Amino acid sequence: MKSVHFLLACVLLALASSLASAYDPNPLQDFCVAINNTETGIFVNGKLCKDPTLATVDDFTYRRFNIPGDTNNQLGRNATRLSVDTFPGVNTLGIILARIDYEPGGVNPPHFHPRASEILHVQDGTLYVGFADSNYTLFSTILYPGDLFAIPLGMVHFQVNIGKTDAVAFASFGSQDPGLVNVANAVFGTNPPIKPEPLARAFMLDVNVVKDLQEKFLSSDLAKKHVAACSTY
Amino acid sequence: MKSVHFLLACVLLALASSLASAYDPNPLQDFCVAINNTETGIFVNGKLCKDPTLATVDDFTYRRFNIPGDTNNQLGRNATRLSVDTFPGVNTLGIILARIDYEPGGVNPPHFHPRASEILHVQDGTLYVGFADSNYTLFSTILYPGDLFAIPLGMVHFQVNIGKTDAVAFASFGSQDPGLVNVANAVFGTNPPIKPEPLARAFMLDVNVVKDLQEKFLSSDLAKKHVAACSTY
Amino acid sequence: MKSVHFLLACVLLALASSLASAYDPNPLQDFCVAINNTETGIFVNGKLCKDPTLATVDDFTYRRFNIPGDTNNQLGRNATRLSVDTFPGVNTLGIILARIDYEPGGVNPPHFHPRASEILHVQDGTLYVGFADSNYTLFSTILYPGDLFAIPLGMVHFQVNIGKTDAVAFASFGSQDPGLVNVANAVFGTNPPIKPEPLARAFMLDVNVVKDLQEKFLSSDLAKKHVAACSTY
Amino acid sequence: MKSVHFLLACVLLALASSLASAYDPNPLQDFCVAINNTETGIFVNGKLCKDPTLATVDDFTYRRFNIPGDTNNQLGRNATRLSVDTFPGVNTLGIILARIDYEPGGVNPPHFHPRASEILHVQDGTLYVGFADSNYTLFSTILYPGDLFAIPLGMVHFQVNIGKTDAVAFASFGSQDPGLVNVANAVFGTNPPIKPEPLARAFMLDVNVVKDLQEKFLSSDLAKKHVAACSTY
Amino acid sequence: MKSVHFLLACVLLALASSLASAYDPNPLQDFCVAINNTETGIFVNGKLCKDPTLATVDDFTYRRFNIPGDTNNQLGRNATRLSVDTFPGVNTLGIILARIDYEPGGVNPPHFHPRASEILHVQDGTLYVGFADSNYTLFSTILYPGDLFAIPLGMVHFQVNIGKTDAVAFASFGSQDPGLVNVANAVFGTNPPIKPEPLARAFMLDVNVVKDLQEKFLSSDLAKKHVAACSTY
Amino acid sequence: MKSVHFLLACVLLALASSLASAYDPNPLQDFCVAINNTETGIFVNGKLCKDPTLATVDDFTYRRFNIPGDTNNQLGRNATRLSVDTFPGVNTLGIILARIDYEPGGVNPPHFHPRASEILHVQDGTLYVGFADSNYTLFSTILYPGDLFAIPLGMVHFQVNIGKTDAVAFASFGSQDPGLVNVANAVFGTNPPIKPEPLARAFMLDVNVVKDLQEKFLSSDLAKKHVAACSTY
């Protein structure tokens, strides 16, 4: 029953704002400032642009990216992800930024970006970071303020604030819409849920543990985040 | 101790055969038959080619892809993944195939391909399949012989043989080296392991369950597969 | 007179369904399910997408690709070519499949795909296959069930069923719209026809032989196929 | 005051015709003949196409590129730049041409193309040509009729007619909309002008010289060209 | 016997000079002047570059493209095709030129370029030109000096000098190695030959006519051209 | 005389370290850690990679990007540009970062990046920034800490510290080697110099002013920077 409501909320939110973003082919003119697909009801691979004669410097400017996100949630982290919806001049430019805030102990859980590589730039704090390549070799280290960490396209990676103070890092992506898949959610938090038996076999967990996980993921604040995410990305 | 040996085995195997494969930029000549990087000690983005005047029809031919793989393992499935190492004429062509065999109940666990979309083509059997998009919406269905299923670039997906007989499917990828990341392994089966505490928080599991999972993944036949994988892909 | 009717039929069929399909630039969002350009009257490089919130698993599923095509025609072969019109979830994924049926002696005549490389996968039968590179070196061999053959981008290739039973093969392409040009048709079967004198000189044939060929190609069942093709690809 | 009028003229002209052109991702169908975005009010990365069933050979033909441009201007040169607006069949083909006429002493001033490499082909006359790479090494030479000169993507380059007769050259670009930035105009001739003090420091010029330059550039026939340019590219 | 000798000649010539050329991915530095793969014995997708500190302006300059080619051959035309072997600075720039000379009645026979679109620019003479799209619709016209004709990627096209004087045209390609496949040669002039029976069926010709054509193509000056081509492209 | 020495110094420095960097085609394997071309004497479009089995987490980590650059120079700014030489794990990832420090009044002069778009992120200070599109329309604004500014591919742009304190900004680029061309240097500071007469005509300056500028640019600390640049990028 909960999942039905969840689904409804998700669909309604999705209807209210476009899921789609744009990305990587070379630009075909100086710029192509994004407009919202849902205004026109026309969807393309990427985004429609506004009339270039109406572009202004505000389209190319994003203000106040120095405001910390709210980390008061189960994982103790917050990601402020920009997109061509919030920063429309970036459309067709092939880059975007995100800001990640971490409280002490905060975890940016294992995830990957299906459409971009990343460079993480630590501004404050001490982060335990790593990525696994497709041979499951872990490349991990500890980053301090001013350090950079490169994460190749599509590799699963994570960060943990192992310091005693808040941390903040900025991520640069080589795509205007890198996408974000938290692997725990993609497995245990889908809507509708994946049947638990094959998940139990795949994760070598008891089927009841899997069911319990699915319940937790759909009712936790991760799930609430999830609702928001499904309507804005 | 086990993980040290594992690491050693992995490095030795890796030294014995190249990890790298090639993929997507347009071809720059009629063909570019791959040779093994390790022969020359020279590595490029992709693969070196053999002298084109020495190419033969055998480079463009792969025989006996109709031999079933051995599904006698924990997950009850086997993936025969081709690459430019085994099918060298495919280098720079931007496509590759894989064959997946499933015993009844066999599970191709949640995974994704960082560098390609896929079309799955069921030849025999009945498969429960699905993929989750980056909003964690699950697109799932049941496939019968002759059915096709498309999986967009980088989306987490799975298949389960829910029939009473063996099943076999062929996957086509839009890259010569799509890569393969099983998400359970990328989280619980890395080498060295990720620290268990943040994983516990990310997966809402007790830290001892995580430690137990990591132990299982590194000692199971999945881990043995993993050793093989680290030396051949 | 015949060719005028042919032209009319072709234009009418073309008006009734879009010629255009989509292909290779990287996807700019998780997916972009194709809708028919002709519904909107708007044409882009590729295809417009449906509102992503309305995508369903059916968009990503194609059923019954195991039904043989009708080979009762002059060449004794039938190609079932999928496209984003018939399998809309494939739009922006950069791959597509085709199925080719051959009766004994059936010929898939010399042709090429202007926008993709191909891997041919023989399921049943015995095929004499080959491609010519741009130096006119022929790479040819005989394929048996389970064999694969790679054909580089834009190279002229053919298959002949040299066995005593029906044959079937599946082709995977690294583009969602590889295109298909039968070279005999592109030379002798165009509408309107190319002037016969330069063709005679180019093919070292008597001009009357060329005129006869043009007549045959436009009145044969190849031409009828041609009508169908002009309205569906 | 002058610059306000200039701005108004520019905006009005811009409103009357689209600024945007198209370029480089692979084609997704045989062809995609451009139509003017402003007719539909819909703008994409590149150009919308006309219904492919309505394409004619005229879309793929451009006549009378052998008519000299008028070099009676301050620089003594004229560039006739084609685009998908004037040669619509070129849309998605990834190439375009330009014609440059030079009177004796005529100067095609230092400029670059942000989205394409170039090959310059001298038909008549004697040209002093060069480009500077990003280390400011100058590659310069003298070209005679029948000579070619290659200019890598984004490198600043120039030509000067050092002969006693008119000269003409044709430029081929690897993009359908290479763009053109004259560096003097991009620095001293912008609208509105850049503040003169930092320009003086950057160019090691007195601030009054910079102000004088800005005045000259906005009132010269270069500026008038500029108005035309802002409405047609 | 003849074909064996031909094969030997072809292999020997091929051994003496590289077949491979380069093309389309974006440049990764200011320039990458090609060197001959055969000097190093190392082959890549494209070409190795010389040390950039040793690049000179001569690498970016090609002289005397205004010298007519010899049209004294069966088809009465000559194509002077540039490549990164003869114009090394063009490597990674994504463009190349060719020059085609035609005597009166000269025929540039039906052919296509597997890796580039083309713009043909007529300098002198009167040409009957056309291309067939993948629906076999012919787009044809007559070009006069100063006219341009655009040919989309991979479409079969031809030119005929229908004037009374010599003609010359320049072709610009959106790739540094567009490739060239004459369809008559790719069908009737391969080495070794394609079996004649399926060709007869595909072209609706008597098998003896096909055998005769294959004989003619391999012994004509087209075949001699062919030998040269196999060793230089 | 001075320019001869300069040239010598430049060539020597260039010989000692590779000019080339890498950039944009999709990765063909998980990663491809750059090694220095000059070690092998082999140069490709981009960079050779080290044996992937020898990659370590240090390849993917860059430390201490929080150290300010020395702004004690004529322009009062310093750019710390990363590359695959200093951050080798970034090779094939399609992104890179730079850090720009500005003293009060410091000017990052008009320049462009031939191979990437940019997002500028202000950490401290107040910057007057702008870019000119190819119609010479100026998009300019004032940025404060936390503000972002997007600069499309190949557009000329600049920043000026108009605050009373030091400023620092970080630039993200959608290429691993965006390149950097300061337009003043590309015009007045090349080596060897461009002939002054056409520059005078192009910039509407007296020829002696141009000569004086050329002298200044080659002897200033910009020129010294230039020497360093020619040996390291």
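Letters are used for the chains, namely A, B, C, D, E and F, taken in the order the chains are written, and counting of residues starts over at 1 for each.
Simple rule for what comes next: a contact is a pair of C-beta atoms (placed from the backbone, for glycine too) under 8 Å apart; a residue touches a chain by one contact, two chains touch by 3 or more.
Nothing here was measured: the structure is a model prediction, and the numbers come from that model.
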item: Chain labels contacting chain A and also chain F; value: B, D
item: Smallest count of steps, each to a touching chain, taking chain C to chain F; value: 2
item: Third chains touching both chain C and chain B; value: A, E
item: Fitting chain B to chain E on CA atoms, where both chains share a sequence, rotation angle to nearest 5 degrees; value: 120
item: Reference interface A-F: repeating pair among D-F, B-E or B-C with over half of contacts shared; value: B-C
item: Greatest separation from chain B - chain, by CA centre; value: D
item: Self-contact between copies chain D and chain F, residue sets same or different by half; value: same
item: Whole-Å separation of chain centres (CA-atom averages), chain D against chain E; value: 30
item: CA centroid of chain E to CA centroid of chain F, Å; value: 40
item: Chain C-chain E separation of Cα centroids, rounded to whole Å; value: 24
item: Junction residues of chain B - those touching two or more other chains; value: 14, 19, 22, 25-27, 30, 42, 44, 46, 92, 114-115, 130, 134-135, 140, 153, 155, 179
item: Chain contact graph, described as a line, ring, star, complete graph or other shape; value: other
item: Inter-chain touch pairs (all); value: A-B, A-C, A-D, A-F, B-C, B-E, B-F, C-D, C-E, D-E, D-F, E-F
item: Footprint of chain C on chain E - complex, ascending; value: 10, 14, 19, 74-75, 105, 107, 109-110, 112-115, 128, 130, 132, 134-138, 140, 153-156, 158, 160, 179-181, 183-195, 198-199, 201-205, 209, 213, 216-217, 220, 226, 229-230, 233
item: Residue ranges of chain F in contact with chain B within the complex; value: 22, 25-30, 32, 40, 42, 44, 46, 48-53, 91-92
item: Residues of chain A defined as touching chain F within the complex; value: 26-27, 30-31, 55-58, 60-67, 82, 87, 89-90, 92-97, 116-119, 121, 123, 130-131, 133-135, 139-141, 143-153, 155, 170, 172-175
item: Partner chain B, residues of chain E touching it in the complex; value: 11, 14-15, 18-25, 37-38, 41-47, 114-115, 176-177, 179
